[in-house]
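Lettered A, B, C and D in written order, each chain numbered from 1.
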Amino acid sequence: MPKSANRIYIGVIGAGHCSEEVTKTAFEVGRRIAEANAILVCGGLGGVMAAASEGAQSAGGVTIGILPGTDRSDANSFIEYAIPTGMGEARNLLVVRSSDAIIALPGGSGTLSELAFAQKLEKHIIDFGGWNISDAAHKASNAEEAVRLALQMTTPRMDMSARES
Amino acid sequence: MPKSANRIYIGVIGAGHCSEEVTKTAFEVGRRIAEANAILVCGGLGGVMAAASEGAQSAGGVTIGILPGTDRSDANSFIEYAIPTGMGEARNLLVVRSSDAIIALPGGSGTLSELAFAQKLEKHIIDFGGWNISDAAHKASNAEEAVRLALQMTTPRMDMSARES
Amino acid sequence: MPKSANRIYIGVIGAGHCSEEVTKTAFEVGRRIAEANAILVCGGLGGVMAAASEGAQSAGGVTIGILPGTDRSDANSFIEYAIPTGMGEARNLLVVRSSDAIIALPGGSGTLSELAFAQKLEKHIIDFGGWNISDAAHKASNAEEAVRLALQMTTPRMDMSARES
Amino acid sequence: MPKSANRIYIGVIGAGHCSEEVTKTAFEVGRRIAEANAILVCGGLGGVMAAASEGAQSAGGVTIGILPGTDRSDANSFIEYAIPTGMGEARNLLVVRSSDAIIALPGGSGTLSELAFAQKLEKHIIDFGGWNISDAAHKASNAEEAVRLALQMTTPRMDMSARES
């Protein structure tokens, strides 16, 4: 069993520029991901990506940023490991592939492309942005619920044993 | 001016399996694209992609299929030029990039990812599948209108001179 | 059997800037590819790519250019169908994947990456640039031999039946 | 300045299956990368990739594996962070892009494609596999020298200040 298989990777997607309210929410999502010892994956840039990364780092968590450009220094200041792809928007697909579950905050067409890929790849999706694009997505109304759902869906056995005890 | 710049490339996106009604519509969209001397670009597989390609070929048009797999023979029988990418769903982005305008028929999450990329890349979008994802998309209610809108948006000057005369 | 399966795709790779001598050779390679009714695939830019495309077009052939950038107009003037990928150097892999055989003229590290991919993907390779990177590559000493070898390797049955008759 | 900009990423490339001797060497390369507090990037699979990753982990280092397939569990047991790309051989380019310097051990055509990309992208290259493909590559004759050269080339200023003191 590879070492990497022991950790859960949660992708956080959303707008590259966002309101103060969404910033706060993204920060809390990131913080809770880190507190659960999961790894935060994102597109590595600003807005929701930066806020979630800052939240994760505030709790000592690991953040991975998969960048559209060729320069690692494009990453926001809270990305611990930056992967510059040079593949432009195609990096969106890599964010989704690298994640076991996706938490979608409000965003634009880039975020929508990630959500669509997440559906196509049958990833667990937490809709925390009013997207309503799929019955398969689980809606969350706050950061605590969003992260809890993501963890539950990616660790079915742990969840079951918890229920049994 | 490269030779390729003289032609218009219209992407047709939609489900890999579709109803008889959608098949007929896709065929007509493809036929009209070919009659306008535009090039049809698609994902090269079945359903909407095959029907539109068949329509284009029925009118002597050119069809380009950008395939997810590594084998050219995955292409439907109406693809004239097949590009096997081996990049899986990432090929969706290539379909969009290769198109000057996108006509979206009904489809699933793969089609949605293409629509989202088309928005992100600011391509002209004809919504002919009830997608309603963007104010920027132009809605069409039949194949004739869908192709006419796509042509109008990609040839502003030809359009103007037509109006003047 | 898809229509596209009936044609042979030959990739021509080499430097984006080249000597007059290599230009002439690349032109002849392209011309002979077209005369054999095969499709020429290349990276769509200058040097070897442009010269081979011009040669193919001079004989009424089809040329496909798979571009690194996002703009179709980056293609040289002899590309009939241009695929802008926006994926930078990753497009090199697409040139190789789309080709049944690769004819390698002199070039630099971009060409070398294509040759290495061609080996990895077990494509037929014609070494017409003194590359000497693989025992599996067939060396050619002139354009006629290069194209003849490429055709022979990609059409074993036609070749055999020709021998039998 | 993003946090990720403070660390050096060294790519280790080489065969997916290798001799015991190369395995030992790759292990030592990985160990020394970790001891220098640099991050090891590789293709995440076996052979040189696994041995170097094991070496890095033996010294408490960080290992990132960029996988060709879609499944994180394809990673070798010593990959701490695994990025499944689903893009096949195109992931080779991502390994190179994500690295500030590349140490090339013996390998086949996959490794050669990475070396060619590293040249194309003007990355620092340490030839520790007798590749001899470029004057720009620095040859190393042992693991200590390979890692020392990689570090020197990626930290010119630290190197200079060390010389001054």
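Keep this in mind: contacts are C-beta pairs under 8 Å (C-beta built on N, C-alpha and C of every residue); 3 or more make two chains touch, one makes a residue touch a chain.
On a predicted model such as this, the values are computed, not experimentally measured, just so you know.
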Comparison of A-C and A-D (more C-beta pairs in contact): A-D
Centroid comparison with chain D (C-alpha atoms), farthest chain: B
Centroid spacing, where centroids are CA-atom means, of chain C and chain D in whole angstrom: 32
Whole-Å gap between the CA centroids of chain A and chain D: 27
Interchain centroid distance [CA atoms averaged], chain A/chain C, Å: 42
Sites on chain C at which at least two other chains make contact: 70, 86-87, 89-90, 93, 121
Interfacial residue positions of chain A with respect to chain B in the complex: 89-90, 93, 108-110, 112-113, 115-117, 119-121, 133-134
Residue numbers on chain A that touch chain C, as the complex places them: 70, 86-90
Residue ranges of chain D in contact with chain A within the complex: 1-5, 9, 39, 57, 62, 64-66, 70, 72-73, 75-87, 93-94, 97-98, 121
